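A single structure is presented below for examination.
When the chains are written out, they are named A, B, C and D in that same order, and each has its own residue count from 1.
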Amino acid sequence: MASSRLKFKNIDNTGFGNNSNVEGGRLVNRDGSTNLRKRGMPIWERLSVYHTLLRMKGSHFFFTIILSYTVINITFAGIYFAIGVENLSGIDTSKSMVDEILAAFFFSSQTLTTVGYGHVAPTGLLTNIVASTESLLGILSFAVVTGLIYGRFSRPRAFLLFSDNILIAPYKDGKALMLRVATYKNNHLTDVEAQLTLALHINENGKLVTRFYPLPLEFSKINSMALSWTMVHHITEESPLYQYSKEALYDAKMELMVYMKAFDDHFSNTVQQRTSYTFEDLIYGARFLPMFERSADGSYTLLELDKINLHEPVTFKEEIMV
Amino acid sequence: MASSRLKFKNIDNTGFGNNSNVEGGRLVNRDGSTNLRKRGMPIWERLSVYHTLLRMKGSHFFFTIILSYTVINITFAGIYFAIGVENLSGIDTSKSMVDEILAAFFFSSQTLTTVGYGHVAPTGLLTNIVASTESLLGILSFAVVTGLIYGRFSRPRAFLLFSDNILIAPYKDGKALMLRVATYKNNHLTDVEAQLTLALHINENGKLVTRFYPLPLEFSKINSMALSWTMVHHITEESPLYQYSKEALYDAKMELMVYMKAFDDHFSNTVQQRTSYTFEDLIYGARFLPMFERSADGSYTLLELDKINLHEPVTFKEEIMV
Amino acid sequence: MASSRLKFKNIDNTGFGNNSNVEGGRLVNRDGSTNLRKRGMPIWERLSVYHTLLRMKGSHFFFTIILSYTVINITFAGIYFAIGVENLSGIDTSKSMVDEILAAFFFSSQTLTTVGYGHVAPTGLLTNIVASTESLLGILSFAVVTGLIYGRFSRPRAFLLFSDNILIAPYKDGKALMLRVATYKNNHLTDVEAQLTLALHINENGKLVTRFYPLPLEFSKINSMALSWTMVHHITEESPLYQYSKEALYDAKMELMVYMKAFDDHFSNTVQQRTSYTFEDLIYGARFLPMFERSADGSYTLLELDKINLHEPVTFKEEIMV
Amino acid sequence: MASSRLKFKNIDNTGFGNNSNVEGGRLVNRDGSTNLRKRGMPIWERLSVYHTLLRMKGSHFFFTIILSYTVINITFAGIYFAIGVENLSGIDTSKSMVDEILAAFFFSSQTLTTVGYGHVAPTGLLTNIVASTESLLGILSFAVVTGLIYGRFSRPRAFLLFSDNILIAPYKDGKALMLRVATYKNNHLTDVEAQLTLALHINENGKLVTRFYPLPLEFSKINSMALSWTMVHHITEESPLYQYSKEALYDAKMELMVYMKAFDDHFSNTVQQRTSYTFEDLIYGARFLPMFERSADGSYTLLELDKINLHEPVTFKEEIMV
């Protein structure tokens, strides 16, 4: 079988190495990121702070801002207190230390946000210098936040929803591997391209190597992601999957990497999305059920996103698995 | 006729399905959006708030901002009132409740916009915390608004004006389908590409299917959208329109999808625009009249946008409609 | 001559029409804009305000902002005065009307910029509403200004400097048309493409038509705009210029449209620039002198931008002009 | 040898000239910038202030802002003082001149940042006009700063780390030139292309000319920069390097220009990076050691960035250097 396997042309320019022994786990995670960690450089050089803040969950981002705001105000409250709150006109200095620190905290927040009511105001050189610095810091910080918020909004994304599983379904006179994808937002993609790469970890001359095979699709490009798209790889004799049994794929730790590229109307930009399936996601003998239908009044088409995984079992006419 | 129809190669990778029974109404709306609705996911996951705010009409956007501003101020006025307006120094607490709420409202607006006059100012822990939070919220909100306003301005768009109708006009020794397009803004498009796809709902072996045919143009690409562009599809024997009568097109619920792509000078970005014509938009035996002319002083060319639909009836030399 | 002229293939997809009688003056202006005006739609629909503000000169832009700021403040000063300045606490109402209006003006500017000192502050319902509205307007306006300023900065541009003239110089065994281009900013262009299109207004069968001919270059693409680029069109027998005398080109109102496209390092974006030469810009028998040299210490190359037009007269070995 | 050298096709469209006598030093610097200076135009026309501020080091950028803030405040403090600080209500005019100037300075900073406490406030026409102008200037400046900060964050960059050296290593039955590259940030590149151009300064017919040769790679494009990429140029008989000894390359002041282009996931944009190696960076008889390995728990792959330069000496089976 090994010899016949070799007739399917594998590719070497995927960017992944072909020595299975130095790679750990799956190559690409479900969310499309490479299953890789980097080290050997300090984290502040390795990490793009901007992109980390851009990609974190909305709630985490919001929390980060609140926290930063509080920490900055506490810091400056400490500085004002250290200099002496008697340099903040309008603060009642006959009160307790806690009250003084709180007053300094609120004065700090009024300065940082540039709201500057003025019922508390800086006097004395040092306090004035600190307040002047803080208001500059405030404006710079909020310039950063404006950039981050805009960056988060305007980051081009494909918003693609993939089916949880890849199915092996009857197709024409044989079988085909199928997966389904749809856009779940109110965006519109055109010139949509898909590229499927199969990774198999196989034994070649006693060495465990990773081999990559492109899986051709019935259509590798569609003009527009109007509805859903069921990608179909016909398992013909030319397909590297042709002679693999379910068990053989499991042994080879099969992984299917999916790469999609399209032009997005919203952003007027190219968007990309990747995902990856492993053997666990593969279902033999199943086909997708329709996920769109005519609307009740017949005036439009209705795409039902919750049906993206809907499939039914099917039997193959003749079992041609080896 | 059905058999001869089949000799024109149809395409399957438009992104639309070919089962006419599960689609409702036209495929693409006049404004280029797909005639599709999605469901099966919560609206907040399905909707891109940013893009909705980016694409809504200017007046609606402005109203949304005013409304949000008012609602936020009313909310905070309520909070300040609940805590007690006696914690807002400078407010005359001997006045009526309405006056107190109004004073709280205006204090809120002064805090939210960070104008912070200070004739009214927060005292007391709780009021200070709320005011500090509100000023942060104000700055974040206006960061969002800045991003939205910039996003609205800078969203790459083609600003193409299409003729209301598609005409069947005499052309060379036969006929041609024509439509006209021009840019109506002071932008400049280069490398302008157009792609016409004809959709016909036809009966094939007793099943109603949707067939898509690309309609080749005399020029599918022009170097620059300098003036107006009249797109011409010559109806030769190779054209899927060759043997269709007006009635046959009506029966087949003909739809002509137009897709344009260009590089825009203003945005230095690729821009796209789509539109779609149905049978109702088709005029047999008409041709477009010129829409540009030499200026009075001869020093420049004048493009008259209101003439984009101007056409005159023409008769065909020989009626070759079936 | 007319017949031989026809053997050079002209192109029709430039986006310009081929009827010389409906076009006025040159096709493309020196600055690359099309020599075209549009009418037939209201100016506010035809004009992209954003792009107009983006493309106007820096000084005009600055003046527009100052003017808008003044006009808005005068308007609001009028409103505050109409309501009554007694509703602005802190204003000395015993003064003259001019002083009152000035006080209202400065209060307005303090509100619009959200500086809000508070020595003058709104009292009374109406004045409070106006002030609250003005501070919102202020924040929105400055959101717009922030967007415009960022847009002006970040607008991708090629910053190409073209030679004032096109030269006909000796080249190999014959002649060549040459023009020179360089980047004058500290930006870097890669994958630089150039496209030359010759427009001739000629008499064909008694009708004045515009014919467009692409002029092939020795290199139509260079990897990087490292130094200056002298574009060379060899005038071989295949060139439409081969049999045109200086006078014939003048009669045909020759125009040479230059279109350049590159990828810019600064913006990480495709940039474009166009220009156009007419017969007046053509110099027969001249060649460009070098515009770069080794630096004094030999450690770098020096590009002298003021030498871009530097050329010297040359004589052709044999005069082959007709 | 000179004749055999000529059989390798050199290219002329690199954008660099081929006269070695007018170029100084290396062509491209290590950081990818062209080793070129421009003059002949005033610096303010030649310099893109925006891009200079975008590309300067973070610390320099921060310092520039602090400095500008201080200079603007000193300038306005001078103006307020010249007009007379008695026009600033709240300032104790019985104090020393230094105190007055300091008070004017802090009032200026409160106006510029729009914090506007109000314990010091402008009175009198002139002071009010200046304060009103300053607050406008403040808002405009911070619009600029917001744009710059966003521009700095969002500038698409490839973040590629190149090996310090290029190695000549045994490869197949001969030798190959190798260099290594990896991304050091948490970004992801797809469709990664590399282009190697060799520059040699050689004597041709007694004239010192610069010749450029593209060096073909085993893979010139990889699908994704998943791990590290070792670029391999096989030195076959077709390679311009085939008959060059170490000394000959030194004499020819060999320079290897590397140009990389990819699509970046973070920015959804094309990114580029260039670098250049000279003869000094070349190591004969060495090969790279692996820089990635399976993680301890086997669940992911670990890329060790500090190992990018790690290589070991190797000997060639047969010395085929001339």
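Everything below uses one rule, namely that a contact is a pair of C-beta atoms (placed from the backbone, for glycine too) under 8 Å apart; a residue touches a chain by one contact, two chains touch by 3 or more.
Remember, it's a predicted structure, so these values are computed and weren't measured experimentally.
Q: Sort the other chains by how far their Cα centres are from that of chain C and give me the top one.
A: Farthest from chain C by mean C-alpha position: A.
Q: At the place where copies chain A and chain D touch, is the share of residue numbers found on both sides over half (same) or under half (different)?
A: different
Q: What is the size of the turn, to the nearest 5°, that moves the C-alpha atoms of chain C onto the matching ones in chain D?
A: Result for this pair is 90 degrees.
Q: Could you tell me the distance, in whole angstrom, between the mean C-alpha positions of chain A and chain D?
A: Here chain A and chain D have centroids separated by 28 Å.
Q: For chain B and chain D, what's the span in angstrom between their mean Cα positions?
A: Centre separation, chain B to chain D: 39 Å.
Q: What residues in chain B touch two or more of the other chains?
A: If we look for residues of chain B contacting two or more partner chains, we find 110, 114-118, 120, 146, 150, 269.
Q: Connecting every touching chain pair, does the picture come out as line, ring, star, complete or other?
A: If you draw each chain as a dot and join those that touch, every dot ends up joined to every other.
Q: Touching chain D in the complex: which residues of chain B?
A: Touch residues, chain B against chain D: 114, 116-118, 146.
Q: Which stretch or stretches of chain B touch chain C in the complex?
A: Answer in residue numbers: 65-66, 69, 73, 102, 106, 109-110, 113-120, 142, 145-146, 149-150, 153-154, 159, 184-188, 190, 192, 219, 221-227, 229, 263, 265-266, 268-269, 290, 292-295, 297-307.
Q: For the complex, give me every residue of chain B touching chain A.
A: The contact residues of chain B facing chain A are 12-17, 21-25, 27, 33-41, 45-48, 50-52, 54, 89-90, 110-111, 114-118, 120-123, 125, 128, 131-132, 135-136, 138-140, 143-144, 146-148, 150-151, 155-157, 195, 197, 259, 267, 269-272.
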